[in-house]
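Pasting the structures in now, so scroll down.
Two complexes are shown next, each including chain A; its partner changes from chain B in the first to chain C in the second.
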Partner chain A sequence: MGAAETAAVLGAVVLIVGTVGPLVRLPTAPALGLQAIGVGLAGAAGVAVLCGAAPIGAGFHGGLAPALGVDGLSGFFLATIALVALPALAYGREYLRGAPGERWLVALGGLFLLSLGGVVAARDASIFLAAWELMTLAPAAAILVRRTDPEVRHVVFVYLAVTHLGGTGVWIAMLTLAHYGALADPGALAGQGAAVQTLVIVGALIGFGTKAGLMPLHAWLPRAHPVAPSHLSALMSGVMVKVAIYGLIRVFFQWAAPVPLWAGLVLLAVGLLSALGGVLFALVQRDLKRLLAFSSVENVGIVALGLGAATVFLWEGDRTWAAIAFAAALLHVLNHAVFKSLLFLAAGSFERAVGSLDLDRLGGLLRRMPWTGAAFLLGAAAIAGVPPLNGFVSEWLTLQALVHVALGPSLGTGLAGGVAAAGLAATAAIALFCFVKAAGLALLGEPRRPESAVATEPGAAMRLAPVFLAGCCIALAAVPGLLLPALVKLAPGAPAMAAHPGLEVPGTGSLPAPWLLLGIVVLTAVAWRLRGERRAAPVPAWACGQRVEPALGWTSAGFTKPLVLVLQAVLRPEREVEVTKRGGLVASVSYRGEVPHRFDTHLYRPLRDRALAVAATVRRIQSGSVRAYAAYLLVLVLAMLVLLRVGALG
Partner chain B sequence: MNAAVAALVALGIGVIVVRRRSLATALVALQGLILGVTALSLEGGDSGTMVVAGVILLVRAAAIPVLLVLARRRTPERTLVAPTTSVATRLLLATAVVLVAVAATPPLGLGDRVAEHGSVALLCLGITTVAVRRPAILQVLGVLVAENGVYLLAIAVPGGVPAVVELGVLFDLVLVVTVAIAFAGKIHERVGSGDTDLLRGLRD
Partner chain C sequence: MTAVAALVQVLGGLALAPLLPGTVQSLKARLQGRRGPSPLQPYRELRRLWGKSAADPQPTTLLYRLAPCLVAAATVLALLLVPIAGRAPDWSLGNDALVLVGLLALGRFALSLASWDTGSGFALMGSGRDLTFAVFAEPLLLLTIVVAALPAASTDLVAMGAAAGGSGPWGEPAHWCGAAAFALVVLVETGRQPIDNPDTHLELTMIHEGPLLEYAGRDLALLEWSAAARHWIVLVLAVELFGPHWGGFWEQLGWLALGLVVLCAALAATETAQAKMRILRAPGLMAGGCALALVGLASALVGGLV
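Our next item is the complex of A and B:
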C-alpha cells in the first residue's frame, strides 16, 4: 500500500470516528479535530494523485458491488473539499460551542463531509447514488436541528422537494450508464445510439444542474444556503454545488463522451443564464447571505460556460483549447470554493456580532472587526474578479476560451461563443457592482444601527478561518500557472503543458499573474508610505451643507437603483410608497420595495399548481371503498391475462 | 376432474348471486368439500400426503365455514343489506367474467387446460364477489372463492406442491379469515351493520 493510499484509508477511518464520536459521548472539540485530520489526510491523498501519484483503489465498474477509488479528477475535488472543510471545521468549533443540538450538528457535519467525499470517490453506481442522497439529507437535517420555526421547515421542504425531483435525473443517468456498462468502458454508450446518450445527458443536466444551482433549476439554493449554520453554508455553497459539477464533468467528458454539439451549446446557454441571472438577483438582495447564495448561482454559471466551451472545442477537434477551457472551469471551481466559503464564514461572524445580515443594518464593520472585515474585503474583491486576484485569473481564462469559441470555424458556434463572451464580460462588471455594494454597505461608512456600532471580533478560530482562506486566494492568484498543467492533464486527450508561474495560453498571449501581484504590492507599499501618519480624512465629508447623519448614508436599494431602473423590463421591481397626511401635513412616509424572484411566480408556481391539479384528479380513484379497489384488481387481472394471451407481455 | 371444475365454477357464480349470507357460506363450504375430495382422489396412495390433503379438507370444508357461521350469528342484520345490483345483473356479470377469464387464460403449463381455466375463473369470480357484494361476510367469502381457485391450481400441478407450502397457505387462509371476521365484528359494533359501504363515511 502506497503512502497516498494509506493516507486516504486512514483519513476515511478517522473521519468516520470523528462523525460517530459525538453520538457516543465524545466531546465535540476532539470530534471536530478528528474530522479535520480525516479530511486533511483524504485531501492530501487527493493532491498526491492529482500531482501524478498512481490512482488509488478500484477503477469504475458497471456493477452494483460497492467500490471506492481516487483518480486525478476525484483527487482534485477531494483536495478542494479538504481546503474548504479544514477552515470551516476550525470555525465550527467556536461557532457551534454551546449551540442547542451541538453534538448532532457536529455529527451531521461529519456525515456531510463523508457523503461529499463518497460521491467523488465512488467507483460504482450504488455508492455514488447513496452518497449523493446523503449529501442532500445531511445539511437538511442540520438546518432542522438548529432551527425549527415554520418558515425554516418550509425552506427545508422546498430544498428537499426541488433537489429530490431534480435528483431523479441523476438516478436515471447513473443507472442507465451502469446498465450499459458505460461507467467502466466510456465507449460503451456510443454503441447504443443517440437516444440512450440523449437520455443520459438530459438526465445529468437536470439532476446535477439542480444540485449545482444552474438556472432555472436553482430555486432551492437562495433559500437553503442562508438558513444553514454558517460553517455548513460555507460547505454547501463552497463544495456541495461543486460536487454536482463533478458529476456533470464525469458524464460529459468521460461516461457519455463524446457528447454531441447541442449538449455543449445547452451548457453555454444555461451557463450564461445562470451567470447573468444569478448576478442580477444577487445585486438586488438586501440579506448578505442571500446575496452570496445568488452569487453562487452566478459562479456555477461561469463554470458551466467553461465546460460548455470545452465541449464545443472537443466537437470541433481542438484538443488544446478544450483542455484549457476545461482547466479554466476546474480552476474556477477551486477559486469559487475558496472565496465563497470565506465570504460565508465572514458573514457568519458578522451575524454573530450584529445579530442581523440585513445590509441596511450593518456598516462600519471594517474598523470594528479588522481581521474578519479585511478577509471579507479581499474575498469580495476576488469574487468580483478584481485583478490580479484568483477570481480574475479563472474568469480571464474562461473568457479567453469563449473568445476562441467565437473565433472558431463554424458560424453557429462562433456566434454562441461571441454571445457567451459578451455575457461573461457583463457578468463580471455587474459582479463588481454587486460586491462593491456588499463590501461597502457592510464594512465601510458609519454603523447604520446601534448593534453594528458595538460589534466586536469573534474568537481566534472564527477570525483565523477567513484569514486562512484569504491567504489561499492570494496564493492561487500568485501562481495559477503552477496548478494549471495538472488541471489541463485531467481533460480528455489533453496535450502536455509546461508549468509557468503565470498563465501562458497559445494564441492570445499570457497573464503574468505573479508580476501583476508584485506590482500591486509595491504600489500599495508606496501609497502607504506616501500617506504618512494620517489615519482619517482631514475634513468632514461635504453633504451639501447638511449635517452628516446615518439617514443620509447609502441604502442597499438606493445603491442599486440606477441599474434596477435600466433593467426594469427584466427585473420588474415592485414598490409601494405610503404617505400619511395629518391636517394637510405629511406625517410619515413609508416605503417598501423589492425585486420579486420571478422564477417562483412564473415558473415554479404554475408547475406546482398543475401538478397539484393532476394529483387531485388521480386522488379521485382513491375512493376508500373496498369494492372499488376489488374492481380495480379485477380489471388489472383480466387486462394482464388478455395482454399475456395476445403476447404483449413476452 | 371436469365435472368437479364445472361444479366449483357454478358454486362460485352462486356465491355472487344468492341473497343470504348463510346460503353463500354453505356454497363455499361445498366448494371446499369438492376440492378436498378431488385432492384426495388425485393423491397416489402416499399416506403422508393423504393426511395433509385430509387436514386441508377439514379446514376448508368445516372449520372455516363454522367460523363464518359463528360470525354471522354474532352480527345479526336487523334488515337485509339491500344489494346494489339485481340478481339478474349479478348473474350476467358473473357469467361474463367467467367467459372473459376462460377466453383470456393463456396456457399456464399444467397440461390440464380445464383446471387452468377453472382456477382463473374462480380467482376472477372471487374478486368480483368482493367488488359487487356489500356485506363484510360476503366479501370474506369472495376472498375464499379466489383462494379456492389458487388451491385448484395447486392440486392440478403434476406431482403436487410440497406439503409445507400447502400447510403454509392454509395457515395464511385461516389467519386472513380470522382477522377479517374480527374486523367484520368491529364494523358491526360501530355502524350496526356489516355493510362495508357505510365505512366510507369515516373517510377524511
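Our next item is the complex of A and C:
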C-alpha cells in the first residue's frame, strides 16, 4: 500500500470515528478534531494523486458491487473539500459550543463530509447514488436540528422536494450508464445510439444541475443555504454544489463522451442564465447570507460557462483550448470554494456579533471586528473578480476561453461565444457592484443600528478560520500557474503544459499573476509614500451643509437603484410608499420595496399547482373501499395475462 | 526602439496624460467661442492640489486613505500594459487586453468602497451610477476587444495592434463596427458627454466626479491624474487598435501623436455638439454599441467581404 492509499484509508476511518463518536458520548471537541484529521488525511491523499501519484483503489466498474477509489479528478475535489472543511470544522468548534443539539450537529456535519467524499470516491453506481442522497439529507437534518420554526421547516421541505425531484435525473443517468457498462468503458455508450446518450445527458443536466443550483433549477438554493448553521452553509455553498459539478464533469467528459455540440451550447446557455440571473438577484438582496447564496448560483454559472466552452472546443477538435477551458472551470471551482466559504464564515461571525444579517442594519464592522472584517473585505474583492486576487485569475481564464470560442471558425459557435463572453463581462461588473455594496454596508461607514456599534470579535477559532481562507485566496492569486498544469492534465486528451507561476496561455497576452500582485503592492506603497502622512483636521462628510446622520445613510436599495431602474423591464421591482397624514401634516411615511424572485411565482407555483391538481385527480381512485382495491388488482392481473398472451412481456 | 517605446509609455503616460483632458477642454472652449483655459491647466491644478493639505472626513478607515493610492497603482500598471507604436517593453506584466479591463475595474472597486467609507450620499450616488454604467460598459469593451482580436486570434495587445496596421483591416466591416463601438468605449471610460459631464459642479448630476467629492490635497491629485491617465490609455488603445497606422516604429509613433490630437479634437467637438444624456438612457446607447460589435463579429465569422 502506498503512502497516499494509507492516508486515504486512514482518513476515512478517522472521519467515521469522528462522526459516530459524538453519538456514543465522545465530547464534541475531540470528535471535531478527529473529523478534521480524517478530512485532512483524505485531502492530502487527493493532492498526492492530483500531483501524479498512482490512482488509489478500484477503477470505475459497470456493476453494482460497491467500490471506492481516487483518481486525479476525484483527488482534486477531495483536496477542495478538505481545504474548505478544515477551517469550517475549526470554526464549528467554537460556533457550535453550547448550541442545542450540539452532538447531533457535529455528527451530522461528519456524515455530510463522509457523503461528500463518498460521491467523489465512488467507483460504481450504487455507492455514488447512496452517497448522493446522503449528501442531500445530512444538511437538511442539521438544519432541522438547529431550527424548529415552521418557516424553516417549510424551507427544508422545499429543499428536499426540489432536489429530490431534480435528483431523479441523476438516478436515470447513473443507472443508464451502469446498465450499458459506460462507467467502466467510456466507449460503451457511443454504440447505443444517440437516444440513450441524449437521455443520459438530459438526466445529468437536470439532476446535477438542480443540485449545483443552475438556473432555472436553483429555487431551493437561496432558501436553504442561509438557514443552515454558518459552518455548514460554508460547506454547502463552497463544496456541495461543486460535487454536483463533479458529476456533470464525469458525465460530459468521461462517461458519455464525446458529447454532441448541442449539449455544450445548452451548458453555455444555462451557465450564462445562472451567472447573470444569480448575480442580479444577489445584487438586490438585503440579507447578507441570501446575497451570498445567490452569488453561489452566479459562480456555478461561471463554472458551467467554462465547461460549456470546453465541450464546444472538443467538438471543434481544439484539444488545447478544451483543456484550458476545462482547467478554468476547475480553477474557479477551487477559488469559489475558498472565498465563498470565507464569506459565509465571516457572515456567521457578523450574525453572532450583531444578531442580524440585514445589511441595512450593519455598518462600521471593520473597525469593530478588524480580523473578520479584513478577511471579509479580501473575500469580497476576490469574488468581485478584481485583480490581482484569485477570483480574477479564474474569471480571466474562463473569459479567455469564451473569447476564443468567439474567435472560432463557425458562425453559430462564434456568436454563442461572443454573447457568452459579453455576458460574463457583465456578470463580473454586476458582481463587483454587488460586493462593493455588501462590503460597504456591512463593514464601512457609521454603524447603522446601535447593535452594530457594540459588536465584538469572536474567539480565536472563529477569527482565524476566515483569516486562513483569506491567506489561501492570496496564495491562489499569487501562483495559479503552478496548479494549472495539474488541472489541464485532467482534461480528456490534453496536451502537456509547462508550469509557470503566472498563466502563460497561447493566444493571450498572458496573466503573470505574481508580478501583477507584486506590482500592485509596490506601486500602492510608492503612491502612499508620495502622498505623505499629512493629515488635516477631521471634517464631516459633505451633505450640502446638513449634518450627516445615520438616518440619512445610503441604503442597499438606494445604491443599486440606478441599475434596478435600467433593468426594470426584467427585474420588475415592487414598491409601496404609504404616507399617513394627520391634520394636513405628514405623520409618518412607510416604505417597502423589493425585487421579487419571479421564478417562484411564474415557474414553480404553476408547476406545483398543476402537480397538486393532477394528484387530486389521481386521488379519486383511492376510495378507501376494499372492494374497489380488489377490483383494481383483478384488472391488473387480467391486463398482465392479456399482455402475456400477446407476447408483450417477452 | 523598444527603449523609446518604454520611455513614451512611462513618461508619456505619467507626464503627458494630463495634457489630453487639458487639450480637450481648451479646444472645446474655442469651439464654443470662449477663450478658455490653456491646455496646461490640468498641470497647474495638479501642482496646486499637491501643495494643499488633505481633508480627513469622519468617520473613515484606512481604506479611504488607501483608495487613491490603489487607484493610481492600478492605473500605472494599466499604462504599462499598453504598447506604444506596436512595441511593448518587457515589464513581465504581459500585454493582455483582458488584464487591462480588470485593472480598470480595480480602480472602480477601490473608489466605490471609499465612497461607502465616508457614507456621503453624493459619493455613493455617483459610484452607484458609475457601477451601473460599468455593467454595460464592460461587455461593450469586451466585445470590441473580441472584434479587435479577430485578425490576430489573440488578446495580446501587441499582436492585436500589429494585425490592425496597414490598410488591410479597413476592407473588413468588422473593423468599422469595432471602431464605432470603441468610440463609445472612449466616451464611457473618459467620462465625457453625452455619458457624463466632466465640468459639472452640481453634486446631483455627478457620476465620475461624485466619489471624488470628499477628497482633497494629494489624494485628489492622485485621483485627478488617474482620470487623465485613463484618457491616455483608452485614446492610445483607440489609435493602436482601430486607428490607421502603418510603417516602421517612427512612422507609427507619428501616427500615434496625430491620432491623439485628432481624437482630442473629436472629443471636444462631441462635447460641444452633444448635451449630456439622461442617466437611464445611457445604458441603452451602450447596449446598441454591443449589438454593433456583435454584428461586426458575425460579419467576420462568415468570412468578411472577401
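Remarks
The criterion applied here is as follows: the second predicted complex is superposed on the first by the 637 of 650 C-alpha atoms of A that agree within 3 Å, B and C clash if a C-alpha of one lies under 4 Å from a C-alpha of the other, contacts with A are read in each partner's own complex, and residues count from 1 in each chain.
Definition applied: contacts are C-beta pairs under 8 Å (C-beta built on N, C-alpha and C of every residue); 3 or more make two chains touch, one makes a residue touch a chain.
Everything numeric here is computed off the predicted structure, so don't read it as measured data.
Annotation: superposed three-chain arrangement on chain A; chain B versus chain C shows no clash, the two fitting side by side. Legend: residue contacts after superposition of the two complexes on their common chain; A:Val642 is shown touching chain B, with no touch to chain C. Applying the stated contact rule after C-alpha superposition, one finds that A:Leu634 touches chain B and leaves chain C untouched. In the superposition on chain A, A:Ala541 makes contact with chain C only, not with chain B.
Contacts of A:Ser625 after superposition: chain B is touched, whereas chain C is not reached.
Once the two complexes are overlaid on the shared chain, A:Gly553 sits against chain C while remaining clear of chain B. By the touch criterion stated above, A:Glu446 is placed in contact with chain C alone, chain B being left untouched. Here the apex is the CA centre of chain A, and the angle it makes with the centres of chain B and chain C after alignment on chain A is 150°, in steps of 10. Annotation: superposed on chain A, chain B and chain C show a minimal Cα-Cα gap of 57 Å. On chain A, the surface touched by chain B in one complex and the surface touched by chain C in the other have no residue in common. Only residues 53-59, 61, 63, 65-66, 68-70, 72-74, 76-77, 80-81, 91-99, 101-103, 105-106, 108-109, 112-113, 115-125, 127-129, 131-132, 134-139, 141-143, 145-146, 149-150, 153-159, 203, 213-214, 216-219, 222, 279-280, 283, 290, 294, 297-298, 301-302 of chain C touch chain A when the two sit together in their complex. Partner chain A is touched in their complex by these residues of chain B: 97, 100-101, 103-106, 120, 123-124, 127-128, 130-134, 139, 142, 196-197, 199-200, 203-204. Within the complex formed with chain C, the chain A residues making contact are 364, 366-367, 377, 381, 384-387, 392, 396, 399-400, 403-404, 406-407, 409-411, 414-415, 418-419, 421-423, 425-426, 428-430, 432-433, 436, 439-441, 444-446, 502, 507-512, 515-516, 519-520, 523-528, 530-532, 534-544, 548, 552-554, 558-563, 565-566. Chain A contributes residues 623-628, 630-631, 633-634, 637-638, 641-642, 644-645 to its touches with chain B in the complex.
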